[in-house]
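Common to both upcoming complexes is subunit A, partnered first by subunit B, then by subunit C.
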Partner chain A sequence: MFRGITDLKSLWPIGAIFIILLILPPVLPRFYTYILALIFVTSLLAMSLNLVLGHGMIFQFHHGVFYGVGAYTVALMLSKTSLPMWVGFVAGPIAAAVVGLLIGWFCVRLTRLYFGMLQISLGSLIWAIVFRWYSFTGGDDGIHGIPMPPFISSLNSAYYFILIVLVICMILLYLILKSPFGSTLEAIRDNPQRCEAVGVNVRRHQLKAIVIATFFAGIAGVLFVVLERSVFPDLLFWVLSLEIFIMCLLGGWFTFAGPILGAAIMVALRTFIGIFTEYWTLILGVILILLIFFLPEGVMGYVLEILKPQAREVAERKGE
Partner chain B sequence: MGIDLAALASQLVVGLSRAMILFIVCAGLSFVLGVLRVPNVAHGSLYMIGAFVAFSFFSLFGGSSAGFWLALILAPLVVALVSLIAERALFCHLYEREHLMLLLFTFALMLIFGDLVKIIWGAEYRSISAPPFLRGSVSIFGASIPRYNLFLLIIGPLVAIGLWLFTNKTKMGKISRAAAVDREMVGLIGINVSWVFAGAFVIGCCLAGLGGALVAPTVSITLGMDHTIIIEAFLIVTIGGLGNMWGALVGSLIFGVTHSFGVLIWPQFAIVFPYAAVVIVLLLRPRGMLKSVW
Partner chain C sequence: MLQVEAVDKSFGDFMAVCQANLSVGNGELVAVIGPNGAGKTTLFNLVTGQLWPDRGKIIFKGEDISGLPPYQICKRGIARSFQIVNIFPRLTVFGNVQVAVLSQQRRSSNLFPPAHNLATEETKSILESVGLSDKATSIAGSLSHGDQKILEIAIALGNEPELLILDEPTAGMSPEETAATLELIKRLASTRGLTILFCEHDMDVVFSIAQSIMVMHQGRTLIQGKPEEVRENREVQDAYLGGE
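Right, the complex of A and B next:
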């Protein structure tokens, strides 16, 4: 969607989507507003993972931990301390980035599957602590009824808050990817040996990317608390991490907008199949298998493939 | 102090027998990982199916001890059949795809299996009981040790020896080991690699089913047991060395024993101990303790 933007004209579909999303909440039933906001939060989470996964080829297998750390930090600060509320909102992403730095520092010395496995074990360690520390984190019950500042206390205002933060984060992520930093990251993905040879400190660069990605995951965690007003240890469980991973693969992990699409598909499928039957994971599994067989490049990859000839046609007409 | 020693001994036996279950499951996972190079996320689901099928056979025979033994033999076979169907119908068409796509596929299988179990057996807790002579506990040097755990301590090494004999002494085992190292070469000398993969996948999944059937009398059989086992199994296989059966054994022992000592030392955070052990091992030996086939 963001590929090859050279002039402002090609930005209009994105602007149109944004404006539609802005005017929707008063029209839509509450439930749909909520689902849309949930899709926004999940999209940000998936995009933050894709920064390291699709653009860096770093097997971040336990990304959910950072989401959970961000959410738990803001939840604990809002419900257990009397600090100003904005401190909690700022502390969430920072805590996630610090944990990302710690875990990443251990993990970057490994590659691929081993990287992922060490991250899963470190992440599971954090999950186990959160899951068991009843007096502090509420254990497997989690924390509920977290107080929110008045300006985001209603669903619609929370929706707008989440949407605006999402748009800002998307722009930031896009700029990061287009910066020299992002190009180097993609160069490392494509050929780590050559990058090392031309003097790039591969591991340090990957670690920086991980810290950035976990920071954005922390923001997603804060937004989750804004929307749900509760946290529970499942946010840090590996199943969620795998789901985010799947969203990136499903949407198309070499595209910028793929993870958004993947997140939207996953959340929508779960919600709407969940209405009709309790066996929604069965349907989701079947759909996933169909997608693997028929859309190997991910949904976004397929869309781009269809769009490409049309774009070429338009260009040719312009040439006339 | 005497009481402490007794508690220590019985916790050790509990940990070791837990390690045997983990080993049987992980050996299967490791075998599939070694030959097919696929992290099979659905492995835990097959373990769960094994436990539920064991329950079905057990209740079919009215809970007699014959029912238990039949369940122990038939459950892995049913799981093998399920995995054979999944492999031949779907999985075998994907081998040339990228690895992450295979991971995605096994995740989809996990989702499907999870719901199929819910449809067939429902969401209630199930349990089966061991035959009378394996119930209760024996007292060894003042430590009371459940008999079923001792039974597991015998079964585990038997499975290890059986697997070793299979991979080292049979043609099929040797072919699958060769396929793990160099699959092109195996194909070149005229062996149907696709069927080697199918065989390895089915054997690996069969072990998951056996693990599920064996664990059934010691836990309540329920949905969600797939999620817990699979993450533990992946970590064990990684610290042992990917695709290495003895590595799976060592990893399982570390995981099982640290957990049971965790229970003794700090029950609330017992679950943290094995994960911490995994982290320490991976930091010291990032590629696992024993040689990986990758």
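Right, the complex of A and C next:
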């Protein structure tokens, strides 16, 4: 299945990182294990957005809604119903994808900025419902102390669960991007008009991409609940959506791994600068300005740019 | 194969196409000529669905296709190239053509087998037939203008059309490139049995390869006929070929 789309040599650093992440929790202080797990969850969220943003140029401005819907669905099902727990875990991503389909169905009729504006409005409606409906969602208090199955009830086991789900999702996202669906999506990004002229139903293709992306956002939402055991309306607030958007731009939205890097940087900034000042967004603002001026393709885009000439040299040497 | 009957299209007060008629028979090589702003590109956009006609009928293989979206018209067997280069600049040359081939094979939505190994035969044979094989792995945006125009045609071929519409295929090309492109068009028409509808500025080009010529002037059809008939037509001489 992977034949031809990746070579084994480029996989060893990824494998090494994975093994390091596997052995870390027992030796790390709890706090850092938690931060790492939070980075994993946020990475998946950012990657799901980047499927439509960087690879599809669909301005999904309110991606946080689908994360929140996934999280709230699993939270409500685990705390308010007596259904088997796995039903809740499966329902989260599905609910997110259904909401993605509904909102996307309206939004794909518009392009670019207008798409984003409509999505912010429709998404904010959902936020308002969650925020106000005290009897069902707990309103602005959210839901806390959500019961978890025993096998992921400790922090370390939650960490491993999240890491494994993240890796599976990354592999799936990678395969989707390399599939005919993904390459057609990138062609639409480059030139929607031409894509229609070669027989692609552009809107329907974009809608499918949105449904897939929101499904993965829903998985991220479920993982958030596994880690935090609580949900609150901020998960659906537009500020979070903006943060995810920035993660993609910061990490490099035309690269596959960029959003992971972006998520790691954002979570780290919020955590470590947040210790000193609540105005951590001030620092973020400065970083963003520098980014726009110096690294328009994002951090990962810049790294790949530096690595490229070397890779070419290696290839040339092999050719001799 | 294609019949355009009394088609009108206006943009605000401006009648871009007015009472245009065109007939393309199976296997023919048909040219549309006319001065700048005569409505040639608008007419092509109407046929391939980028624009909708205000009035009139466009009939392809006995079915009225006017008002259908571009992707459906493409699926019915009409593919086109654009006057202004319209490719996928960030994809490779191979990837550009592959998108069309995958769409033709109705595999655009397949999620799992990687695209890398799909439709390679078809894509390679198209690149071979237009002479872009050696540039298959280049990024399309980095090609020369002439090669990008050829890539335009290659993408259109990816849809295995019955009718190929070329909007000024040699625009902006050097004389050598123009000659090579004409050879290519003639070869495609004969080897693939394609019906080709094209428009072109260079009169020598048109009269040397077209079997039928339609002349447009200010949005209307002056005449459609064999090259000799068109050359001798007084109205055409007044309107367009005047100087010759």
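Convention: the second predicted complex is superposed on the first by the 308 of 320 C-alpha atoms of A that agree within 3 Å, B and C clash if a C-alpha of one lies under 4 Å from a C-alpha of the other, contacts with A are read in each partner's own complex, and residues count from 1 in each chain.
The definition used in the following text is that a residue touches a chain if its C-beta (ideal position, glycine included) is under 8 Å from a C-beta of that chain, and two chains touch if they have at least 3 such contacts.
This structure is a prediction, so every number in the text was calculated from the model and none was measured.
Of the two partner chains, subunit B is the only one that A:R132 touches; subunit C does not reach it. Residue contacts after overlaying the shared chain place A:N201 against subunit C, while subunit B stays out of touching range.
Shared-chain residue A:F106: touches subunit B; no touch with subunit C. In the superposition on chain A, contact of A:N191 is made with subunit C only, not with subunit B. Look at A:P180: by the touch rule set out above, it reaches subunit C but stays clear of subunit B.
In the superposed model, A:E297 lies in contact with neither subunit B nor subunit C. In the superposition on chain A, contact is made by A:Y279 with subunit B only, not with subunit C.
Contact residues of subunit A toward subunit C in the complex are 1-5, 175-176, 178-184, 186-187, 189-191, 193-202, 205, 208.
In the complex of the two chains, the subunit B residues touching subunit A come out as 39, 41, 90, 93-94, 97, 100-101, 104-105, 107-112, 114-116, 118-119, 227, 231, 234-235, 238, 242, 268-269, 271-272, 275-276, 278-279, 282-283, 286-287, 294. Residues 48, 50, 69-71, 74-75, 79-80, 82, 86-91, 95-96, 98-100, 102-104, 107-118, 155-156, 158-159 of subunit C are the ones that touch subunit A when the two sit in their complex.
On the subunit A side of its complex with subunit B, the touching residues are 106, 109-110, 113-114, 117-118, 120-122, 124-125, 128-129, 131-134, 237-239, 242, 246, 249-250, 278-282, 284-286, 288-289, 292-293, 296.
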